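Just below sit the structures, each encoded as structure tokens.
Heads up, the next two complexes both have chain A, just with different partners, chain B and then chain C.
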Partner chain A sequence: MIIHLNFRFVLGCILLLILIGMNVVAFFFSSDIIKNGTPARPPSLYLFQKALYHQPIEEEAVEDLFSFSVPDEAEPHAEDLIFNRNPKRTATVGTEYRYVPTSQYLRNRASFWVEEGPRGMKYEDGAFIWTPDSTQTGIFDISLAAQMEDSETIRGIRFKLFSDEIPFYFGTDERGNSVLGLMIAGAKWSILPGLIAVLIAVFGGLFLGAYAGYNKNFLSNFIDGTTLVLESIPALLLFFLAAVIFSFNIYIVMVAVGLVLLPVNINIIRSTVKHFVDCQFVESSKEIGFTDNQILFRDIIWYNCKPIIISQIANCFAFAIMVEVTLSYLQFGIQVPEVSWGNILLQGKSDIHKGEFWLVFFPCLMIIMSLLSFYLTGSGLSRLLDPRKN
Partner chain B sequence: MSTILEINNLYLGFNNSQSYIPAIRGIKVTLKKGEKVGVIGESGSGKSQTFLSTLGLLENNPGVTAGEIIFDQVNILENIPKYKKANSGIPEKANKKWIRSYTNRAKRLRGKNISIIFQDAKSSLIPYKKIIDQAWDTWKKHNIANNYEFQNTATSLLADMGINDNGKILDSYPNQLSGGEAQRAYIMLALLGNPEVLIADEPTSSLDPYSSRKIIDLLVKIVDQKGLSLIFISHRLDQILSSVNKIYVFLNGLVIEELEVSDINDISPLHPYTIFLFKMANGNYFRKLRNDICASSIEHIERNNYGCPYSNVCELKKDLDNDLQSKCNDTLPKQRLIAPGQKVACWAYEK
Partner chain C sequence: MITMSKNKTNILLYLLLKNASVFFISLFIICLLLALVPDTAIPGDVSYFERVKDYLTIAYLFSYDYSVAGTFLISELILHGSKLTFTLIFLSLLIVLTIALPAGILVASEKNTNFQKLFTVTVSLLSPIPILIWASLLMLLVFVFGNMVPLYIDFEDGDLRTRMFVLLIPVAAIVLGDGILLDFYNKIRDETRKVMNEPWLIAVKARGLPIYNHVLRALLLPIFITLSSKITYLISGIIIVEYIFAWQGLGFMIWRSLETPGAKDYPLILGSVKVLLFTVFLFSFIRDILTYKLNPQLMK
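This part shows the complex of A and B:
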């Protein structure tokens, strides 16, 4: 048999495997994953620091230093600035910190020095160089200065430098916990609670919807009526209520999520089964000698409803994760000593105006990744199992 | 030859919102072993319902109300309760307990003793399920012990129907088959349970004339080969005339004529409706006969719950005396033997 793997299935599986791996780490190595460092440290990657984290360059001289021009050259150069780049604000013990302040052209005409900084930081060969040793961890105030030839004006730059023993690629929060560790610990609340909601919603919906679609009796009418009642309950209110009554136990809230998703799944499965029940093949299968259960669960559901059920599982998982994050953000879900993506979002919200984006950016990235992994795997798998494609 | 299926004095009908509508009013059909029987009649005359009732596939509101269906000396309609109201035209609820026991008895026959081939084979096959999976499930249902013979049986059945490249058919989904291939695949499924009686319920009405004729010939060949009994339901006389031993003519839930066919060239139908059918069938070849019918517009056969169903358009009725004419309108005619192997229900032959 040739399996036609599609791109979305492969990508979804990779993302899902990452999510499952994070879950395993969170459950079995939970004490080791959250490392401690300097508080509010930005991510190590210079790209993030440059693009999203700006500290103003302080100019000590107001007078324009570069008003003179080289006689041969008509227009001033782009390199007229001395500190034309954001300095890197993070350093790791044992690795060289290097900051090139400006271009070669101006470097020959200017002199640079460290005004204020940690022990060992110096200007050498056109760059500020520093290799922190193991005692030099923490936050350092750095002040760098430069002066052009033939000029009295001094230009300077002042910033905070975070030095730690390990590189925190995702940064740290205000207590100094590594955001990467927090992300992994928060993944704990994605799959297992979602599984409860999915079991109730999809598999309950499958059996109840199949019964209601296939039979015409009192019980199927009763199921129809019950779905209407369940559909009319305001969802968010029910989640709040369940959270408050059961002392913020996320697993019981997920039962409520399952109950909210149940009527949707019942309706989907029931309408699909109803569509197939009127078909000729049901009568002819009966005539061949198959029982009602065989026709319903094997011929209708197994052969014809697989793609629908799989995409419903993915949708319900995604919805459950969204609900968990939302409730935690609103402080109705996971409570503070425990870590959840929603909690961290709430924490990061207050500091985002200062440019400390990483407490919002990385939880959002994780939520997108987990939802996308379910959507892609579900859609890819249902495509894979759809006989019309082969 | 022993009788294998016998339907005696069968009554069945359906409840409307206001009234009970009788679909079958006291018919008698016998099928001997190895016999091929044709059932003909206009749509709505109850021919399909009669044979669906042998497998309990009717919608039971109330369904069968009287009579007996004997398969292999066992009465499926055993202990049938008396539907007094229903048989006099008033809606009555079905007896659920009896329906359950009747359905259970009929379920044992399905596929194993009696198989039905339906009109549209493509929609009779399960969509998105490969033919080989359907065949395998059918095989497992009926043959528990000898699973290793499955492949041989399926391929030889398909080979009997003129399909040599059976791997292609077995490994495809129903929507990938043509109409004729689907019909053959479905016949294969129907025969996998080794039934004794095969009911073909208008199996070729969705096919073109050439392939429908081919399917009928193959069906008859297989039935002869295996010694099965065949009931061929159709609304076209010319399709079945060449391949059956006996013809039952249905009209408005009655068998108005029953005639044995020994020689195709020597058939003399007696009932005016049967004569009309024969004229239509042969009219394709004899222009004069056809023109005879085409010249006069055909009147609608009105439903008559009390008298002969054909009485409002009958040609023979005009020549009868007043006494018999009133009988035509008011009283159901009974079947009587006119010639050897030929029974007619008509007041004109009462003398």
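This part shows the complex of A and C:
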């Protein structure tokens, strides 16, 4: 068979491999992956810092321009900003920290100096530079000042600089834990609990749906009625109750997730089987002498329902991940001190007014990535396995 | 079974009984599960069956009392919560239909236009992202660019502009999340395409009559079928959104009552759940009646 790889399948596989890799790392090196640094350190990439510091949120958090002395309006450049670029707030031991405060034009016409800062920080060649040594870790209050040639007003900025031994590319939380480490540690609640839900939902749905679609008796009617009732109860209510009853055990909650997803899968498989039951190939299989089970599970399910089953497996996995994250977010899932993406997101939500956006942004990104990995792989694989499209 | 019956009253009764039985069985299941919830405040000699009996009495006989948490009547709390919850539900549905209906019809009417491709790709890419993520990201965006955290307290205290803004953020999360917009858009687009090729619509076109009132009438049933199938998802989404934006609606009250360690406010939980289940019942019942009313073939 020639496999026509499509873009979405390849992308989905790459994302899925990353997720599986994170799971493996989380299971075998769970104690080592969460590094510790300065609390509430922003992500090292300046792009992420820019997202927050372009606009101060609270008076005490204002770290933009301020004047050490009131500018005299009669002076030239009195209203001009000297420090018109935001400084990077993070430094790493052994790596040069560099802050270019303003444009070339203003740099040539003003003198700059460090008012308050760590040992070794200086202004040189148009930039404030500092290379922290191994003893210089922690949060430093930095105060930088400047004065224009033709002005007597001294201008300055104050901000906090986070210095650590390793660059925390995703930042740290309030306790100083690396967000990247937390992301990897939280990944362990994605695949294994999801597997329980998938086993119940997809394989239970497969057998019950096949039975209800192929036969018409009391049991098939009972399955129909049960699915009707289960579909009418909002799923989150059942998950809440399952979580509270079983003391927030996520594996048992995943059984409930599997049971809630069961009606959807039953309906899909049943309608597909019903569609194929009247086809000619089923009649000819009966004429040849195959048993009902052979016709149902080999001719109908194996040859014709594979794409549906694959896409349902992917959808159920994605749903299970989302349920785990949502329940952890609503404090019904993984409980602190265990790490889950939902817990981190909740912490980020409660600290959002402090400006710690990275605790919301990165978990969201990770959840979207994991959901996309399943959706893309599932839809790509189901296209590859569809006998009508190949 | 509907097609077999020819008596209108019988059909209505059958539909009512079917949906009401689903409602009562669902409520019964909730009572059974609620009696399993471990609660230190309940004396040890109270058996599981006694608890079930108590909850069934509360649920089926409307024997509500004052809330455990405060001095409010349960009915007052439920009324207040219902107002907020249904505001969110109906506003979300209104916005979904306002976007999906014209877009679906427009895309189905024209073939292979750039608008069609762009809209379909955008909606398909944005919709699988869950409500929780949309709500969190929207809150973050509002904080970064709007310098505020849009919580319910701002809705209560703010001026009209702030109120509208604070209301629109959770509604936007519901509209964009969990594929609700995508499902409506896909359904409307596919059904419009189907209707456009029907012989009777071609006859309407040939007579030079306006076609869109016919198309809209034909779309009413598919829209309501999608609506009733999405309503349980929507309610789950509402619970999440109410929690994130601290809206004191029914979902938030259920969450708070269940999350509280120790004594739980069972009458409040049951009352809130009953209102939500009744909404599901109502939508299913209207869908079934519409299926029967709008499809003359079922009368044969």
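Going forward, the second predicted complex is superposed on the first by the 357 of 390 C-alpha atoms of A that agree within 3 Å, B and C clash if a C-alpha of one lies under 4 Å from a C-alpha of the other, contacts with A are read in each partner's own complex, and residues count from 1 in each chain.
Operating definition for what follows: a contact is a pair of C-beta atoms (placed from the backbone, for glycine too) under 8 Å apart; a residue touches a chain by one contact, two chains touch by 3 or more.
Just so we're clear, the structure is a prediction, and the values are computed from it rather than from any experiment.
In this overlay on chain A, chain B fits alongside chain C without clashing. Shared-chain residue A:G21: touches no atom of chain B or chain C. Legend: residue contacts after superposition of the two complexes on their common chain; A:G120 is shown touching neither chain B nor chain C.
Of the two partners chain B and chain C, it is C that touches the larger number of chain A residues.
By the touch criterion defined above, A:T326 lies against chain C but remains apart from chain B after alignment on the C-alpha atoms of chain A. Angle at chain A between chain B and chain C, computed from CA centres in the superposed arrangement: 60 degrees, to the nearest 10.
Touch criterion met: A:Y303 reaches chain B, while chain C stays clear of it.
Contacts of A:P39 after superposition on the shared chain: neither chain B nor chain C is touched. Looking at the shared chain after the overlay, A:G94 reaches neither chain B nor chain C.
Once you line the two complexes up on chain A, you'll see the smallest CA to CA distance from chain B to chain C is 14 Å. Once the two complexes are overlaid on chain A, none of the chain A residues touched by chain B in the first is touched by chain C in the second. Put simply, chain A touches chain C in their complex at residues 51-52, 55, 57, 228-229, 231-238, 240-242, 244-245, 247, 318, 322, 325-326, 329-332, 345, 348-349, 352-353, 355, 357, 360-361, 364, 367-368, 371-372, 375.
Interface of chain B with chain A (complex): residues 55, 57, 107, 110-112, 115-116, 118, 120, 123-129, 133, 137-138, 141-142, 173, 175, 186, 189-190, 193. Taken in their complex, chain C has these residues touching chain A: 22-23, 25-26, 29-30, 33-34, 36-38, 128-130, 132-133, 136-137, 139-140, 143-145, 147, 149, 232-233, 235-236, 239-240, 243-244, 254-255, 258-259, 273, 276-277, 280-281, 284.
By the touch rule above, chain A contacts chain B in their complex via residues 279-281, 283-291, 294, 298-299, 303-304, 387-388.
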